[in-house]
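Should a chain be cited, it is by its letter among A, B, C and D, assigned in written order, with residues numbered from 1 in that chain.
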Amino acid sequence: MTHIGPDTRGVYIIAVTPFTDEGAIDWQSVDTLVEFYIGKGVSGVTILGMMGEAQKLAEEESAAFARYFIERVAGRVPVVVGVSHAGIDNLVRLAKSVMDCGAGGVMIAPAAGLKTEVQIGDYFAAVFARLGPAVPVCFQDYPLGTGVNISVPTFLDLVDAHQSLVMFKHEDWPGLRKLSQVRRACDGTARRRISILCGNGGLYLPQELSRGADGAMTGFAYPELLVDVCRLFRDGRAEEAEDLFDAHLPLVRHEQQIGVGLAIRKEILRRRGAIRSAAVRAPGPHLDRDDLDELDRLMQRLARRLRGGAGEIAA
Amino acid sequence: MTHIGPDTRGVYIIAVTPFTDEGAIDWQSVDTLVEFYIGKGVSGVTILGMMGEAQKLAEEESAAFARYFIERVAGRVPVVVGVSHAGIDNLVRLAKSVMDCGAGGVMIAPAAGLKTEVQIGDYFAAVFARLGPAVPVCFQDYPLGTGVNISVPTFLDLVDAHQSLVMFKHEDWPGLRKLSQVRRACDGTARRRISILCGNGGLYLPQELSRGADGAMTGFAYPELLVDVCRLFRDGRAEEAEDLFDAHLPLVRHEQQIGVGLAIRKEILRRRGAIRSAAVRAPGPHLDRDDLDELDRLMQRLARRLRGGAGEIAA
Amino acid sequence: MTHIGPDTRGVYIIAVTPFTDEGAIDWQSVDTLVEFYIGKGVSGVTILGMMGEAQKLAEEESAAFARYFIERVAGRVPVVVGVSHAGIDNLVRLAKSVMDCGAGGVMIAPAAGLKTEVQIGDYFAAVFARLGPAVPVCFQDYPLGTGVNISVPTFLDLVDAHQSLVMFKHEDWPGLRKLSQVRRACDGTARRRISILCGNGGLYLPQELSRGADGAMTGFAYPELLVDVCRLFRDGRAEEAEDLFDAHLPLVRHEQQIGVGLAIRKEILRRRGAIRSAAVRAPGPHLDRDDLDELDRLMQRLARRLRGGAGEIAA
Amino acid sequence: MTHIGPDTRGVYIIAVTPFTDEGAIDWQSVDTLVEFYIGKGVSGVTILGMMGEAQKLAEEESAAFARYFIERVAGRVPVVVGVSHAGIDNLVRLAKSVMDCGAGGVMIAPAAGLKTEVQIGDYFAAVFARLGPAVPVCFQDYPLGTGVNISVPTFLDLVDAHQSLVMFKHEDWPGLRKLSQVRRACDGTARRRISILCGNGGLYLPQELSRGADGAMTGFAYPELLVDVCRLFRDGRAEEAEDLFDAHLPLVRHEQQIGVGLAIRKEILRRRGAIRSAAVRAPGPHLDRDDLDELDRLMQRLARRLRGGAGEIAA
């Protein structure tokens, strides 16, 4: 199965886009990044999301990057491609291009500037009409990034109207109740099932899994943590899952700083050998000496904790 | 003189991008549109602004459109090209491409998401460093569209730091006092002169000219009105200028409805023979029966008023 | 009839709150202001709106001001009181207090921070439950001020759920189509009728009346213009109404500058003898020399035009 | 020392405002809450902050609550009072009233709607002029709540201009670099020292202390954690401080959900005996069954971890 669908589970890691220090796409790092992610056991990869600096790629760069990335993954896991764009033509053009290359689905956020829920509905009606029924779609619900808010009933209207909407990327914040509501409404009985994967850097992942999420779609630079938490949770070992999660929470929280978090994430991936340069395209954040020292300490603390050396709590 | 500079005056009309009903660029209408604008006496044209639906063009479409447009204008007036983009690389690439084709300058708005005035300063430092000193730049100050606010002192810092910043597109709203402050600070004595052209659909044009603006840079579908007002004003006939302006004010105001105003503007241009279709790319506004009837009446009222038939005021 | 209801028509002028130069409520100017408004033929008055600087009054000042104002009006026209507040208790307390004093209804905008239309619905359910069925409510739809957007279907749900919602203050912008949709849906046949009065400074009043609005609820400093336009329009003299409107449009537009517009409005009211001081409470806008000179010219131009001296249009 | 000053350190807990289930101020719970906070070792208390639902109190309720709270604290620690308000008169009136009652200072955020940094400067110039030099002021830098962004140079201008500005409540997010910059600029050598206390629920407290913060000003429902972390850190036991912090991080993160976080915080305080009811005034969040179960688990996990029973990390 190379396409996402209503039963998709596990971890879809949000991939960074690796650049050289000069800002070109670093194709060699794409190779290592793909192997890094797959080696950590992810169930899928999502490229060209907001964390993938999609808005700073040229249109043909996006298409070329997606094509190359999908080729390197070579069908081992599905690849979802973010195709959100200010223009519907552009969105559809990229979506068709990447599906032709073997993408497993596309991720779409409501366009910035949509103000009412009727406008959101109209927008997606136009998008789905243009995409046709064969392109599996993940709806990205990320108001902090888009400025667009959707209520549960309006989202359910979208589910009812568009069969190819198969996944909900949950990253409204705070949004735990919304997740519960969508889960109950789309449970396969009350209404057809959809997959729910959670974003927001994974900051509430144990709570989200308890509330019925099917996994995570986020870019934490230790994908194995996300994978293990989801696996332990599915095996009924929820407390162990959360213990493991909590050990990583300081870094989860550290990466979840909007803006600079991307530079932190790329720097960790660089240190872990996944990519060669932590460069972010301009305008973008850069780490200074304070930031790098701080990151050193946090990574060392994590390593120590995973070795069992932390956990002594001062009285 | 084909480049904009600190002494640029008059009307730089913001051009629409003509599409066929199917949404492709309508090259034939580009030809007629260019002649329409130049025939109305504009001093320059600005393409690929927000009203030009730049964000819905593919990157290569933008470059091709700019090249074609500049060729058709053929040096009769300067062509300014909007190059704002989420990525600085993309911005610079388009800017250099259009300057190579003969553009007269580029227009840049601060990128959405800049939060403090230090960030605005840093952003433009990076942009100007990449553009080099030979590309004349118009700063577009449009907080309602970008969400980015700049104070006068911070703008003056930009003027002091970057010699190729030669024009201020004033469309903060309300912003008449800001215009006065920039004018006095950049009058050629207190500080080097810069050109100030006004946007916001021209809604306050007489007031802006009185406060020292050098002209208008906006897309009103009756460019001759803007041209005549600027000319009369420069000839010392301010009251006549404002009488003429006031006659058109109902339509100026009608076009100045963010969103639907673009559809209104294109429909008027279509009726006036400047373009063949009023199509707007999706997602975009469309006029319904009510809107079209309303526009009929407003255009008829303008025609009657210009013939002298209105002006009788009910007691 | 002292209460607003579904058939309310005409002009409900939004009153300023007059202050002394020292910032205290100027009770003597309240007296003159009431007579000024009523003398101009308004059908009602709305106090403590955003233009009434309600958010800068102490809670007891608001109650005292409303009580005094209502007493001075003495039943000649209904007085609507803006009661929007961050807390529902506060809102209800003021609403009950002013209804006890003889107010004709209350105006409520959705609280800032409501993000989805379900949240808007829940908010008003709570508000209406607390107000009870006897308080006539005007819903203020002003997204530019509140940041809250409501679609027509959600608004209609409110109409269906709450019988005491009798009036829609239309000031979404642009919002002409929304007005048409609400009008058709609440025409007394498809659904119970509600009154629709228009805000936004009256900038589109002729268009709004054509689309079925029942009048205006705005604060233009020449209330007689609003009154005459509505009267002429109801008498079937729409072109004359619009001629008269257009003569005032330069000033309508000038007052409709968010922020500084309040200072302009108070200054015109002061010049017209309605209040003694144009003072605005801090933080608030103040007119400088440029602003005052500009206003002189615009008021002189209006006077000349009304005398018939303008209208000659330069060739 | 009952006033805040440039050398203030430690934990200033942000107090909730306790209500009865019916929504009245629960004075008896104020008594227990005061003892709870002081018993946990806080260095000060901040009341009527955003988490104190200040905007839903009547003006006289605010003054009465502050007076009562300060009386119960009885000089044991300083009490800072949030006095932010849309009107400067209101702000000053409350500030003077609470200082007369023995408050240790006031906290002020820039008013919503300030757009440029010049406007921010002008606003605080007006505020400080009215307050006079004797009222110690904490500047609350919370863009996520106010929508107002200030750069470091503009903040330093405020420090230079207003001697009574003695404290910076740091809760820009992400904002670690800003904290470092303010700290270095206001270190007592480069410029006069100011106190820096950190908000944002304490989510980055160890990092903030490392970067030079003097403590925390936030409302986490386990104030002893904040107190112990600050104490251990000052004693040079930074790793232990962070171990302790990390044990609580799951709950720190859980409370730091804007909106619903307040209901969670009040519920924890209720369970810990600090207040009798977790009621939040309308419009406000309420916990449902899912939320309460989730909170049970998180609190149990914390208790277990503090007893040493967690920390085993699954392989």
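To be clear about the criterion, contacts are C-beta pairs under 8 Å (C-beta built on N, C-alpha and C of every residue); 3 or more make two chains touch, one makes a residue touch a chain.
Since we're looking at a predicted model, the values are computed, not measured.
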Chain pair, B-D or A-D, that carries the greater number of C-beta contacts: A-D
Chain whose Cα centroid lies at the greatest distance from that of chain A: C
Superposition of chain C upon chain D: rotation angle, C-alpha, nearest 5 degrees: 180
Interface residue identity across copies chain A, chain B - same or different by half: same
Whole-Å gap between the CA centroids of chain A and chain B: 39
Computed distance of Cα centres, chain D from chain B, in Å: 46
Where chain A and chain D are represented by their mean Cα positions, the distance between them in whole Å: 33
Multi-partner residues of chain B (each touching 2 or more other chains): none
Chain contact topology (line, ring, star, complete or other): complete
Partner chain B, residues of chain A touching it in the complex: 23, 53, 55-60, 86-90, 93, 111, 114, 123, 126, 281-283
Contacting residues of chain B [partner chain C, same complex]: 173-174, 176-177, 180, 203-204, 207, 210-211, 228, 232, 237, 239-244, 246-247, 249-250, 253-254, 257-261, 288, 290-291, 294, 297, 301, 305-306, 308, 310-314
Partner chain C, residues of chain A touching it in the complex: 115-119, 143, 149-154
